[in-house]
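Per-chain numbering from 1; labels A, B, C and D assigned in written order.
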Amino acid sequence: MSDFEPKLVCFSCNFGWGYLTGGNGLNSQIKNWIPVACSGKIDTTHILDAFKAGADGVLILGCPEGDCHFQDGNFEAKKRVYLLHKLLEDYGIEKDRLKIELSVDPEGKRITQVVKEMGESIGKLGPVKKI
Amino acid sequence: MAKQITINPITRLEGHGKIEIFLDDDGNVDDAYWQVVELRGFERFCIGRPAEEMPRITPNICGVCPTPHNMASTKALDDLYSVEPTPAAKLVRQLHYNAFIIEDHYIHFYFLSAPDFVVGPDAPPAERNILGVISKVGLDIGKQVIDIRKRNREIIKLIGSKPPHPEGGLPGGVPRGITEEEREWIKATADDTVEFAQFTLKLFKDVVLANKKYLDLVLSDAYNLKTYYMGLVDENNKVNLYEGKLRVIDPNGNEYALFDPRDYIDYIGEWVEPWTYVRLTYLRKLGWSGLIEGEGTSIYRVAPLARLNVSDGMATPLAQKEYEEMYNTLGGKPAHHTLAFHWARLIEALQCAEDLQRIANDPLLTSKDLRNMNLKLKQVGVGCVEAARGTLIHHYETDDRGIITKANLIVATQHNAAPICLSVKKAAMGFVKGPEVEEGLLNMVEMAFRAYDPCLACATHCLPGHMPLTVNLRDRSSGEVIRTLERS
Amino acid sequence: MWKTESIGSARVEDAVKQFLPPCQIRCPINEDIQRTNVLISLLPDDPDSAKEGIIQIGDYLYEKNPFFTVCGYICGLCENDCNYTTKGGAIKRRLLKRFLSDTFTPYLVQKKPLDVKKDKGKVAVIGAGPGGLMAAYELSKRGYTVTVFDSSNKLGGAARYIPKYRLPEQVMDAVVDNLVRIAGIDVKLGVKVGEGGLDLQQLRDDGYKAFFVATGTPYARPLTFGTAEVEGQELDGVMYGLTLLWEVNQGNIPADYYKGKKVIVIGGGNVAFDVARTARRLGGDVTIVCLEIMDKASKDAIPADEEELVGAREEGLTIITSRGVRGITKVDGKLKLDCPLCTSVFDERGFNPQIECADCIDLEGDVILPTIGQMTDRDFLQNEALLNEVGRLQADPLTLQSKVEDVFVGGDVRRIGFLADAMGEGVEAAESIDRYLSGIDLKRGRVKECEPYDAPYRRAYRDEPKHKWVPADRRINFDMFEEGFTLEEAIEEGRRCITCGPCISCKACVSVGIQDDLPVVEVNEDLCSGCRMCVYVCNYEAAQVKEVDGKIVSWTDDLKCKSCGMCVAACPSGARQLVGDKTEGRIKEIYAAL
Amino acid sequence: MADKPKVAICWLGSCGGCDEAVVDINEAILDVAGATDIVLWPVAMDFKYHHIEAMEDGEIVLSIINGHVRNSEHEEVAKMLRKKSQLVLAFGACACFGGTPGMANFRTKEDIFNWVYRDAPTVVNPKSNYPQPKSQVSGKELTLPEFYEQVYALNQIIDVDYYLPGCPPPPDLIVNAVTAVLEGKLPPKGSTLAPNKALCDTCPRNKTKPDKIAIKEFKRIHEVEADPDTCFLAQGIICLGPAIRTGCGEACMNINLPCRGCFGPVEGVADSGAKFLSSLASIIDAESEEEVQRAIETVADAAGYAYRFSAPISTLIKKRV
């Protein structure tokens, strides 16, 4: 387990995260980073596909509660994540492997940290158990 | 040099089954095993499912006898939620259930049994099928069989959606009722079915009982197996396939037990052998006796003959007459004659047809009061019905939200698994002498388990309909096939 | 820091018939309000790095509205129609622009002049008010050589009457001075067209091809009672409020001018309140008399804004309603007002006060400041033959063309309105003059019907920020009494905007590169089963269902659709796709590389 | 007989319901039987593996295969039929998606064995016998097919040409499918021989559905007396109609029960369960996080609803390696 390097897929909403960085800087720092126009457009299929493709965790970063540029997209994402938690358990995938955080970080100061922390917590879980 | 005969495939309750016959060095039958070679683990993946979904899931256990699973499951929910179905709902369920038993029994008789008797056990297999039957008794009967099946399946469709996978059934009721205009054609169907049931019994008696050769066969020792018997009876100990208490009689016909199906665990044990995927049931309190009959056995049989053996009579007048006639002919109760299962089956079908008539004429049938919503979850529920092939038990346990945490299912053919092994062995010993087995004799072996209609019925219910059979004679040491003998 | 683009795909599209956010429809110069609100919400929270962005936003606004910094202090028309008004208070657009002004005003002096060849001929603009200057600016942008004439010695016209505690002088100066510099407008101040032999014909002879007359309403309207002028308006101590405002802004009135004096302002409009509160700031003990009543719901409601009423009360002014003025007399040095009861101000015929002379009160004061409205310079209009037979200034409401074909009129001289209304007419006049001089039909394709959008659905709406005023006891001076937004507050308020408008008229996201372009939702009717999942999830009522030969299928109203993709995520049968969205591709790449 | 197209109808891990369904086409069965040479139909006639083995590759025109693959015997039969057949039609939910027994994939083989042969209340197994592929009984060797770790849909084991879903497929679609083959009027390989749209398209209740469906809490079928004419989702009852291919003839709607998905994904969708959950989340009507959690609590069995018939093809059940 020690040499286990967790694969984390990170979706982030452009309106809340890193829009001042032009992406360039962060792209190199964050692996498997997928900026999207709104966290509300992230489909359950995208998330499940990530796990199928071999991700050990999926992190969704949305705008702060009530601050969605598209009104409630971040809340939509939350609903989807919580429902998926129920499903993932049936597949024996710990719900901690799918996280959503609603906050704002235009200069991309915190995003790397958030990703790092999630990576660590998944590191503790180890790779996804196959059923 | 010992030989091994493989009859494969023969059955499917949870999948295929096969028979292995071992010949000793003199070529006499040394041993025979009936193996069930598949498992799907319903009991396990039902865990986590909401209980109310079970009547929609469990019919997938068997697409040929799905209704009993649907019904046992629905009744388990009644018990789980300690609720009684409304009178109308109960009628609708029984309507569904009778319609199913009728079409199932007749398909079995005409497509599977009749060829043996009407055409003859040792007739060429090409003739020994429904077409052969038709050529003997006339085409319109073939049409009638199809018609009766079709119309009774229409009733199932009305209540249970897809006949091979009925989904209706809720705790305390049914999701859909019957309308007055539907009642009309249901009535007509019921009347025709009763007529057809009587005709069929007459046909059976004319061709079988009137024929000494066949009667001897029925009464012969090769087809005789002394075991316990189990089945549901109503408060008057009359045959009841939908509800009641489980009654067990010993090989001599004395009541061994009479219990509420909820207590099945105290009476029924399931024995595991490494050579089959099916669990062999036996009377738990007696302990596992192994595959033996008569004195000291703990094996019991279920299905039509068993049900008649454990009861004091039929619940409907016409069927009661037939009941008496059968036992007079077989020389009293209990009847251990395996082939008498066919006869008992027809008598049961008549009772179901009469009951269908009663329900079709009941004013309550079309009531809109279909759900008793007074549900009180008690987290354990057992449902028991008599499936065409014998006692069927669904036992669920749930959490406080009604989500399944435990499921135990005892499927009809399981009860008969051990007896089938014995019957097959006995028949084999009776008819197979040496490797030079004749096809007709193999069919005699086959008849032994076909009588039980083991859910291979699932397999053989149907058109041209004769049993596939291949016998491999193998050198025991090398396992290599010396000779293949097959029927075609 | 992002760089906002306004060219290519980032350029807002303009449809003849389209939906717009109500704010933008209300704005006479059709400012891209939503777009710039969004851009403000995307500013960095650190003031220094925000500066760059603010100037980009300012430059963008300047193209359409060089007065936006001034609007930021005095114009809130758009807020009246903001969808948020009923949901927790209109977006404070005025304060957002004022916030931009804080950075943009000092920057104006460095702003480069327009780079246009002035080869389209000479146009004269009479009147250097907001209307005139807007026309001049628009025409200069289009390559005309424009000369602006104004009788006064300052640019700005009516805007120059606005008290400094509402509009700082340097903001106004910066706008007008730089406007003429940047647009290369030739200015002739202190020149009154129509006097000293200088008339339009003279200008024609000097080579001016067209004229925009925006002479506004230079004269105060005298007090009348019934049809007659009220006696005593010539008395010493009686001065038109308008005059006071002008003189104060010119710096000709010393502080404490009214110290210990009892001042009575006559009138209930915003200008009257400017006058009253100015007088208060000059030390006077001020009373306002007006015909109307306080009840804003009534047909006779006092015209001044609620904020003015509140402000005035806070500052200790007395307001006497439902009183007319029948006469002014002087009794041993004190001025006396004779004020009968007014029982009704407006009726179906409009302004038609009913007076109950039996019920009458006297008011006494040292100073009387009648402020009941302004008047145009009728002689000039008369001489230039711009009046029709009934003596009304005649101009086509759409083209602003007057009876005289090369003369166009707009602004207060045509119809008294708000500063922005005059600016709007300046823009329209410029368009007409350009068409006139290019020989293009003046009317074709100019009528724009725009439907306002409703507020999109969201779970929770947020309340407007409380306005911040300097407490009354500390604001009796000519400094701004209202505080502007801090950067943080501005970003917050920008975020509060629910962006009702369609994407094509905004494209803020595209302009800063958050999206490459606007993806379009397409519905495959061969797959859509009409399950309606999309309808509920869409916050913009863009996803709807229709019936096609008996079957229900969904479709998307492109003008309402924001391409957020929520309906796509909600569609269970893959019937909805975001065409032109690169996300899917990106996802596939990343997953393939996992 | 000889020149008639050879057709095989065979089951793998199946309940027999699909064969019942074939019989249920009643009169039409005779036409089919007349127009074809049915070389294999265990349910109906002689089952001769080695006869099939003896055939030329591709000699069989069409193999109609129902049931899932769970053991070595299933796999052998499937592969043999593929080799001998020009066309393979995956028949019924089990063959197409794994079917109900596919839910076993949420469990391990070990877990199933332990319950069935050790822990079930009625089991008596002092010798702790477990069924074995090979076992010796008094010197005689008995064999059983090997039970695989998981359930597979047919196309996870062999190449499949066409799909006919349903549990079981309805008579009209069966007749259409067979006729299409006999008349050579087949759609492109890989097609599903059923309508492309979701059930809502043909559901009589779709018209009663409000334009905006929003659900505060989900009702289970036993908790409410469902109105027989109103859209189930509009009544707060989970129904897979929006995500599941139509063609079943609304069998369950007709008996007033919501759809559970036996027709599988609609055209172009790989994992109907995932798609369904995505839209289900969207129509949760909640103001606060707490309300969301509460609403989701009332989704009694996410996996069981989403994958009642299709767990083996669900995104997260890995394909065979």
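What we mean here is this: a residue touches a chain if its C-beta (ideal position, glycine included) is under 8 Å from a C-beta of that chain, and two chains touch if they have at least 3 such contacts.
For clarity, every value in this text was computed on a predicted model and none was experimentally measured.
Set against the C-alpha centre of chain D, every other chain centre is closer than that of C. Note: centroid distance chain B to chain C, computed from Cα atoms, is 88 Å.
Taking the mean of the C-alpha atoms as each chain's centre, chain B and chain D sit 25 Å apart.
Distance between chain A and chain D, defined via averaged C-alpha coordinates, is recorded as 34 Å. Here the spacing of chain A and chain B, counted between their Cα centres, is 55 Å.
Chain C has residues 459-460, 537, 566, 569 in contact with two or more other chains. Counting partners per residue, chain D has 105-106, 275, 278, 282, 303 as the residues that reach two or more other chains.
For chain B, the set of residues that touch two or more other chains comprises 48. Pairwise, the chains that make contact are A-C, A-D, B-D, C-D. Listed in rising order, the residues of chain D touching chain B in the complex are 11, 13-21, 23-24, 26, 29, 33, 41-48, 50, 70-71, 73, 99-101, 103-107, 111-112, 115-117, 120-125, 127, 129-132, 135, 137-138, 140-142, 144-145, 147, 167-168, 170, 220-222, 225-226, 228, 248, 251-252, 254-257, 260, 262, 300-301, 303-304, 308. Residues of chain A touching chain D in their complex: 43-45, 48-49, 51-52, 75-76, 78-80, 82-84, 86-87, 90-91, 93, 130-131. Chain C makes touch with chain D in their complex at residues 459-460, 526-533, 535-537, 544-545, 551-552, 566, 569-574. Here chain D touches chain A in the complex through residues 105-106, 108, 271, 274-275, 277-278, 280-282, 284, 286, 289, 292-293, 296, 299, 302-303, 306, 315-318, going by the rule given at the top.
Chain C makes touch with chain A in their complex at residues 1-2, 38, 42, 44-45, 49, 456-460, 462, 495, 498-499, 509, 512-515, 537, 539, 562-566, 568-569, 578, 581, 583, 586-587, 590-594.
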